[in-house]
Each structure stands twice: as structure tokens, then as C-alpha cells.
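Okay, structure first, notes after.
Think of it as A, B, C and D in the order they're written, each chain with its own count starting at 1.
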Amino acid sequence: MTNIFKNDFEILHDDKYIYFDNAATTQRPKQVINAVSEFYRTINSNPLRGLYKWSVKSTAAYENARSKVAEFIGAEDSSEIIFTRNSTESINLIAHSWGLSNIKEGDNITVTILEHHSNLLPWQMVSRVTGASLTFIECSSDGEISDEEILNKIPSNTKLVSAAEISNVLGVRLPIEKISKRAHEVGAVMVVDGAQSAPHKPVDVKALGADFFVFSGHKVMAPMGIGVLYGKLSLLESMPPFLLGGEMIESVSRYDAVFAPVPEKFEAGTVNAAGAVGLAAAIDYVENIGFDIISQREEKLCRLMIEGIKTIPFTKYFGSRIPETHSGIVTFNIEGCHPHDVSSILDTENICIRAGQHCAQPLHEHLGIPASARASMYFYNDESEVERFLEALKKVRSWLGYGN
Amino acid sequence: MTNIFKNDFEILHDDKYIYFDNAATTQRPKQVINAVSEFYRTINSNPLRGLYKWSVKSTAAYENARSKVAEFIGAEDSSEIIFTRNSTESINLIAHSWGLSNIKEGDNITVTILEHHSNLLPWQMVSRVTGASLTFIECSSDGEISDEEILNKIPSNTKLVSAAEISNVLGVRLPIEKISKRAHEVGAVMVVDGAQSAPHKPVDVKALGADFFVFSGHKVMAPMGIGVLYGKLSLLESMPPFLLGGEMIESVSRYDAVFAPVPEKFEAGTVNAAGAVGLAAAIDYVENIGFDIISQREEKLCRLMIEGIKTIPFTKYFGSRIPETHSGIVTFNIEGCHPHDVSSILDTENICIRAGQHCAQPLHEHLGIPASARASMYFYNDESEVERFLEALKKVRSWLGYGN
Amino acid sequence: METKDIYREIINEHNLHPSHHGEISNPTYEMDGVNPSCGDKIKLQFKVDDSGIIEDAVFSGSGCAVSQASCDIMLDLVIGKSREESERITEAFMRMIKGEASDEELEILEEAEALADIAHMPARVKCAVLGWRTMEKIFKENRQ
Amino acid sequence: METKDIYREIINEHNLHPSHHGEISNPTYEMDGVNPSCGDKIKLQFKVDDSGIIEDAVFSGSGCAVSQASCDIMLDLVIGKSREESERITEAFMRMIKGEASDEELEILEEAEALADIAHMPARVKCAVLGWRTMEKIFKENRQ
């Protein structure tokens, strides 16, 4: 193994396997796995509640993770960081708490056609419950969003706009700054789904114009079961709690309760302190590698893969023609071969890719394809893997019974 | 270290510390810590979605955990098991999904005065939103619930009854079978909060008469961030989903979605497969020790502790006079000493106990005490620890400046 | 059998050259089936005579090779049979997919037995059973 | 200082024999403070003259030794001082608790300086600041 970027990832040491499903979930370096084990082996206890040393240390570790996340995405104050399970829960929290208490009939909610179901279904729900309209910003077949779309699809009665920073299907980065500018012009709140951006590029919630920003730990090498919701302090303070119970209270009587301040107000029940500690270790790991190296490697791999795909007959890829703007994600189809069969065949060569609609059915309908295959890479992937992948891809059609 | 029950718990190897806060969260044996690490080191991937070997194995590991949980609590079918983050989230799910769609003005909800806030606040919310009344089953100062209370406080307009199987303050077991019988007589749905029972005794949801049953992994030696909601299949099938997004769908269009069958319907976003695998390892661990040994040890320790406390002046304990019915939990107060100071002083002797209201403020008000101290033990604790605890307890008042 | 061999020996033929792909007019029963994980959609159309014999049946729609082939093989098997027989065959198929079928059950599955190895591709089981589940639903919703 | 020494040398005395525990009639200001994590509830009553000098002040309610003692020490310090001075003292106290106080700040804290070691008991910081936060609130909500 000559790829030093795999050193810390034991699961990747067996060169037999090529893991190209990083947009679904990333692998965890030993530093993250060990940070979690270490927590359990040395200071495990229920944070926030105990007055003894372990609990004080657990609390400090948990709050340190919160500060680290705040810094990682440019939040002003660590109490703007709420720990959740994943991006999906973060968005549901916004929808239930901010959405249902601020959006009314006659209002509008705008999303883009590129959204992951997790950033669509909660807004369908708010629209259904409140009677607000739901409007879609469309994109070109390459995933481009025009200025006119932004202008036209964010009408003045818009109360909330939600958009992914990077599409999990096309890898393209959306013009978030322009979208949030327009959103703020009409007085709407801007939600940014950073599930696919936080792992790949530096995030600055202020520069993005994000009033809310969400991401999932497991997509940035942290453990499963820990996610983040960033919200502007003034917004979070104005919102009712979502889940109820545990330490999110100030006082409770039989029929009523007074809630704790932000961020505790939104963290009901025993928190996942070990998960937060793992997320802190993952952020350290990312920052140690550096986003410059991460993007450089991803860009090189995307270029190699896209150039290769272009030479394979019957095979086409989706999204931008500029490989460097793919954020590690290359989605493609082979004529006459269903993506599920492509994935099964590649699996026989121990190549892990995803096939289906990638939780983005409306986008697939918009692009006019029933499903697609997706290879998604991270900095620990390398050129030899891309080459093996391309070799295998060339043979898929013949394995599926075609003459060529 | 002669206590072999500590062998697998590295954090407990340093005899300096006495961990008596097991009702807040338990410690994790190396088998659980390793099962999680092993998952990440060998098959980590996003389950349910992938068509390649790792994802197939992750899926199998995740579903195997589901079956194990189903068996552990006597569920009929593994699809009756929903993975959540913790008991709190499980109860909130029931409240939002079943509660808000089945409870109306004029209906009644009954809980007990012993409930943890997590099993109270969600029902306050349902009562507030729907206009249904909220009724409390009271208990005696020992934590006993009379048959009359059950009869009188579950009137015929009751739609839902929710009760903890074991109180996290008094350790007493509630007469769940009688409560659920009465609940079913009036046609109400029975929710059992098993956060404190699943770690200590065998659970059979059918024998309990539980339509829903919840517990937290972290209280039964599993990792943080994984919890369980059991629901009768017919109920779960009738319920709308709670959190939306990810793989809980069958199909999604721009304005609408069709949801997947149970249990996926209730598991939005990337699941915590590693957490579920850790929970499965914890259940194996519990079953390997055996509940007979677990209760035997807890009973012996409770007896020793309660007998000891009885001999210490100015010190009184709460709950049943029968030490064997305390489920490892001994809650007490020392006259003139605030529980927080007691806990801080014991911490100087490296004894970890909890002080405050233990998320059960209404119960404290009912018992007429502003706060209490709680020592909660598990099978890995031992007699020498209880003795050291009692020695330290005797000195607390003098450390707090009293002549005796 | 290895995945690639399953494709080569059984799936490809039925996927690329299905015998029962198409549409018929005036079917006795018609039913759509969806596999959310792959976005597959098939439509089954059955002509069943008064005595319950399946005179003709076709499938249409798009999907992966596994679902298409399994559907074609299924129709090969049930055309000319009674609904009771086809329900028995479906049961046998479902048990085979779970690796629980008896020798007799395997026998009545004829060519479909080759799909037994789908059990080694658990992620594809849903594809393999799509047609079968849809046929099952036709008969369930049209109890005589 | 070790936790037990903090109790012995400073907390116990003020907890068991507070100088300013009680209630007064006709206070200029009155304010409740709650510490949710321990269930502590205190009530502060202040008599402030026209020039803003704190003539008298008392606390009542129940709570842990740390909050009671800290409150008593605080009142020792501010009685006879102006509201501006007491606000300056509060600021110094808050900075001390975070371990950020300058030498001059520590000086104006006098006996309260002994509570600096509460910083070694992070879980008890909320108890230590309960009275101070409540006093802060009195002056904030009653700006002249």
C-alpha cells in the first residue's frame, strides 16, 4: 500500500476493496475510533448532570466538541451548535420548531429540485400542515441554477428557503450566496443543507448567509449517530423546543415546564457525548489533512474518472462538464444496463458504488432518468482505484450479455 | 481487584473510583466497545442502501441487532422494533405520531407522579395541543400505588396511559400489569417506560401488557446514541411517520411522498448501525451474565447499603422498606446537608453519585423534598464499595461543619 | 453460483430476450409493482378464464435485469396453470429465496430454481421478488 | 485548595451561620433566583437609598451550602457600597470564577476571593454564581 492517506483507515488496508460510496458514508480513521473507545474507557458518564469528576470531564469533552464544531463552520458562539443524530433530524427540528411556528397559509417555502429527500419531505410536511406553498428552483441538466430562477422562485411571500450546498447526486455546488441574498431580501430564513459540503470544503456560515446549517458526522469520518444543527442564536432563542424531556428544562410542574436556554433546550434526553467526542476527533483529522489537500486529491480523481468514462462506449456521466467541480461525486449510467445491475457486477470486482435514486427522486425525474449509478470519492481514494474502476466499467456491458 | 465482574470494564479497574451513578448511565464492557470498533474496522458502510458486500453486511448486522432486541423484550416480530436515539426520543415519537393523531379534546391521558420528565413533558405537550386532560396516579411516600388509584385515575375517557416500569428515583417497580389491564379495559393504549427496567430484569412486553415499550441503550451498557421503541405492529402500521427523509420512503414526488413499511417508516436519515451493533453486543453481555445473577448482586448490595444507612444518624433513605425491591437504586438525604454538597464531598473520596431532582421534579414535590442524593448500583459494583461509601457517608456532616 | 454466473446463465437471457414482455388488451387483472430501492416499476396483466386458469400474462415497465428476468421466468411458469397452482409456486419461490424450500418445492419451481442463488445477493432479493409479490397481490385482491 | 478545604475554610461558616439570612420589610428591590440543576431557590431583598447606596440586603430561601455561602459573602461585600461599585465587584467575581481576574480585581473581592477555587469544581459554578446573577438582574432591571 503506497497510498499514505489510507494509513489510518484499517478497513481500507485490504487493497481488494475499492470504497467509492463516500457520499453515503465515509470511513473512520483510527483516531476517531480510538477517541470514542477512550471516552468509554476513561471518563464515561452522563454529562451535564453529575457533580463528580468523570461527569465533569464528560461534560467538558462534550462542550469542547461543541466549540470545535462552532469553529469548524464559523459560528459566532458555541451555543449556536445543537447536537442531533444526523442532518435529517436537524432539518426536521427546524421544520417542526421554526417552520410550524412561523409559516402560515399564504406564505411560501422554496427549495431546489436538487434536494435530498431529507431536505424536501420536512418542507412538504410544513406546506401540508400550514397551507403554505412549496416552490422549486429548477436546474439545467448540468445542475446549473440561473439567476432568473433564484429571482423568480423566491417570491416576496417566501418565509423560508432551503438548499443543499452541494448536490449528493451531481456533486455540483449550488450558488448558495446568491440564494441566501435573495432569501434575505424578501425577509426569508435561509437553511443550508451541508451534508455534502462540510466533508469537502471549508464552511463559513456567515459567508454563506446561512441562518441554519446542518451536517452529518458520519459523512465527515465521525461516528454514526451524531449530527449538527447550527442556528443563529436569536433564531434558536425564539424557537420552541422540539423533543421534550431530560435535561432540557429549567423547572417542571405537573402541568407545565419552563425550558432551559439554548443549546440545552434542543437536546432532549441523554446526549451522545461519545459521538460528539468522535466528531471532535474527526474535525481534528480533517483539519490536520487540510481542505486544500482534500480538494486537490478529489479534483484529480474526478478528472481521471470523468476523462476515463468519456472514452467508454455507451457510458455517460451527469453534472458539470468541469471535473473539478464534482466534489468527488461522479454519477453515471451505462446504456441498457440498470444501475442496480451495474453495481452488482462491480461488486463482484469488490468495487463499492451506489445505485438507485440516491434519495433524490424528483431530481432524477427532472433529469429524465429512472435511476443512476454513483461513484463518490474522498481524499483517501487514489488513482490506481480509479483505474481499476474504469477497467471494470468497460466490461460491465459484456457481463450483462451485450455483444459489446 | 478480586471482583471478577469488573474484568471487562477497564474504567472500573482503578479501584480508586466508586461508580454509583448507573441509573444515569452504565459503563460499557470491552465487548461492546470492541463490537463498535470492529464494525468500523471491517464492514462500515451505510446500511439498507448499498448493493455491495460491506453494505450487505452492515445491513445484516443492523437487522440482526433488531432481531436480538425483539427477542430480548419478547416482541413477536422484529419489525416492531424501531431504533431511536434514546428513551426520550422514543416517547416523543409515540406522542407526536400516535398521540397527536389519536387523542382529542375530551379525552384523557394518565401518567404517574413517579415519571421521569421524559415521560411527562411529551404528554403535557399532547394535552396542551389537543385539549385532552392529564391525570396523575399518585403514590404513597414509599412509592406504592394502590388499586384504587389505578381504578380512579384511569377514567373511561382515557386514550393513553404511560408509566415507568421502575422509578429512577425510588427504584420501586410499578404495578404495570394492573395498570395496563385497567388501561385496556377502558380501551386505552399502554406505554411502558422501560429505561430503568430493561437493565435490571427480564422484560416481556406481552406479559406487561405494553402496547409500546421504550428503553435506552446507554443504560444497559450499550453505546450512547442508540435507543429502542417497541410498538405493536398493528399500532405502528396505523401511525404516520415522525421524522421525515432518507430511506423511510417508498416514493417521493415534488409535493408528496409514500412511506415505506414499518420499521423503516420511523427511521429517517442514516441509521446508527454501529450503535445498534453495540446494543446487540450489550444484550449478549447481559444475557451471558444473566438476570438472576444481576438481581442477586443488586439485592445484596441494596440490602447492605440500606442496612448501613439506617445506622447513620441524620440520614434517611426513600422508597420501599424492603431493600430487595430497590433495583440497585438507593435515594437518600442527610439532614442539614444539601444533596449537591453531599455529592461534592463524596466526590473528594472519588465516589460518584447523583444529586438533584433526577429529572423527576413533580415526584420530589409530591414527596416534599427539594432534592435528593442517589446512589445507583449495577451488578459490577461490590460490597467493599458499599462499605467505603458508608464510611464516607458517616463523615459528610462533619465535613460540612456540623459537630456530628 | 457467483453473481456473474447467475447473470450469464439465467438473468441475461430473460432480461435481454423476455418471452412475456408487452401489453395485452382487456386483461382480467392488472397490477403495478414498485421497488422503491431501485425505482423499478412493473405492470402485470393477467388473462384468467372462468375456471381460474391463467390463459395469458405479460409484464411491462422498466427495471433492473434481476427483476425483469425473474418476472419473465415467473410468467413462463404460471401461464397455463390455475391460480391455486400459481399461488403454491409463489410460496415455494418465497421460501426458496429465504433458503428454506424443500426438495419438492424446488422441483415445482423448474427454471426459477436457478434464482435460488439470489439468496447470496441479499440486496437484490427485493428485485427478484418484485414480480412475484405483484402477482400475489393480484390474487389476494381478487379473491373469488 | 481541595474541595473539603474550601468547605472548611469558607463555605461552612457562611452556610451554617450566615450574617445576612432573613427577610426585611419594604425592600427597594426584590428578586428570585433559581438554579434548575440543584433545585435551589433564593430570594434577594435590597434596601437602596436615593443616592444608590445599598443600605441593607438579605437573602432567604433554601439551597446548597455553596450558593448560600456565596450569597452571604456577596452581601457582606456590597452592603454600604454604591450600585456601581457592586456591579464592578460582580464583574470581578464572574471573571474570577472563569479564572480570568486580574490582581486588582481579586483585591476588591476581599473574602470572596476564597471562592476562586470553585473554578476547580466546575459543576458547582452555577451554585456559586446564583446570588451574584440575581443581584446583577436586580440592577439591570432597575436601571436609573
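Basically, a contact is a pair of C-beta atoms (placed from the backbone, for glycine too) under 8 Å apart; a residue touches a chain by one contact, two chains touch by 3 or more.
Here the structure is a predicted model, which means the values were calculated and not measured.
Novice: Can you list every chain that touches subunit A and also touches subunit C?
Specialist: A chain counts here if it touches both subunit A and subunit C, which gives B.
Novice: With contacts defined as at the top, give the pair, B-C or B-D, that has more of them.
Specialist: Pair with the higher count of C-beta contacts: B-D.
Novice: I'd like to verify one number: the distance from the centre of subunit C to the centre of subunit D, where each centre is the average of its C-alpha atoms, in whole angstrom.
Specialist: 78
Novice: Please compute the C-alpha centroid of subunit B, do the same for subunit C, then give the distance between them in whole Å.
Specialist: That pair's centroid distance is 46 Å.
Novice: When the C-alpha atoms of subunit A and subunit B are each averaged to a single point, how far apart are the two points in Å?
Specialist: Each chain reduced to its C-alpha mean, subunit A and subunit B end up 31 Å apart.
Novice: Measure off the straight-line distance from the CA centroid of subunit B to the CA centroid of subunit D, and report it in whole Å.
Specialist: 38
Novice: So which stretches of subunit B touch two or more other chains?
Specialist: Those would be 49-52, 55, 249, 251, 340, 344, 347, 355-356, 361.
Novice: Multi-chain contacts only, two chains or more: what residues does subunit D have there?
Specialist: In subunit D, residues 37, 121, 123-124 touch at least two other chains, as defined above.
Novice: Inside the complex, what are the residues of subunit B that reach subunit D?
Specialist: 337-341, 344-345, 347-348, 355-357, 361, 364, 370-371, 399-402
Novice: Which positions of subunit D touch subunit B when the two form their complex?
Specialist: 2-4, 7-8, 12-13, 15-16, 37-41, 62-66, 121, 123-124, 127
Novice: Which of the residues in subunit C end up touching subunit B in this complex?
Specialist: Touch residues, subunit C against subunit B: 34, 36-37, 121-124.
Novice: Across the complex, what residues on subunit B touch subunit A?
Specialist: Interface residues on the subunit B side: 10-11, 17, 19, 21, 24-25, 27-28, 33, 36-37, 40-46, 49-55, 85-89, 91-92, 95, 113, 116-122, 124-125, 127, 134, 136, 216, 218, 223-227, 243-247, 249, 251-257, 268-275, 340, 343-344, 346-347, 350-356, 359, 361-362, 365.
Novice: So in the complex, the part of subunit A that touches subunit D is made up of which residues?
Specialist: 49-52, 55-56, 59-60, 249-251, 260
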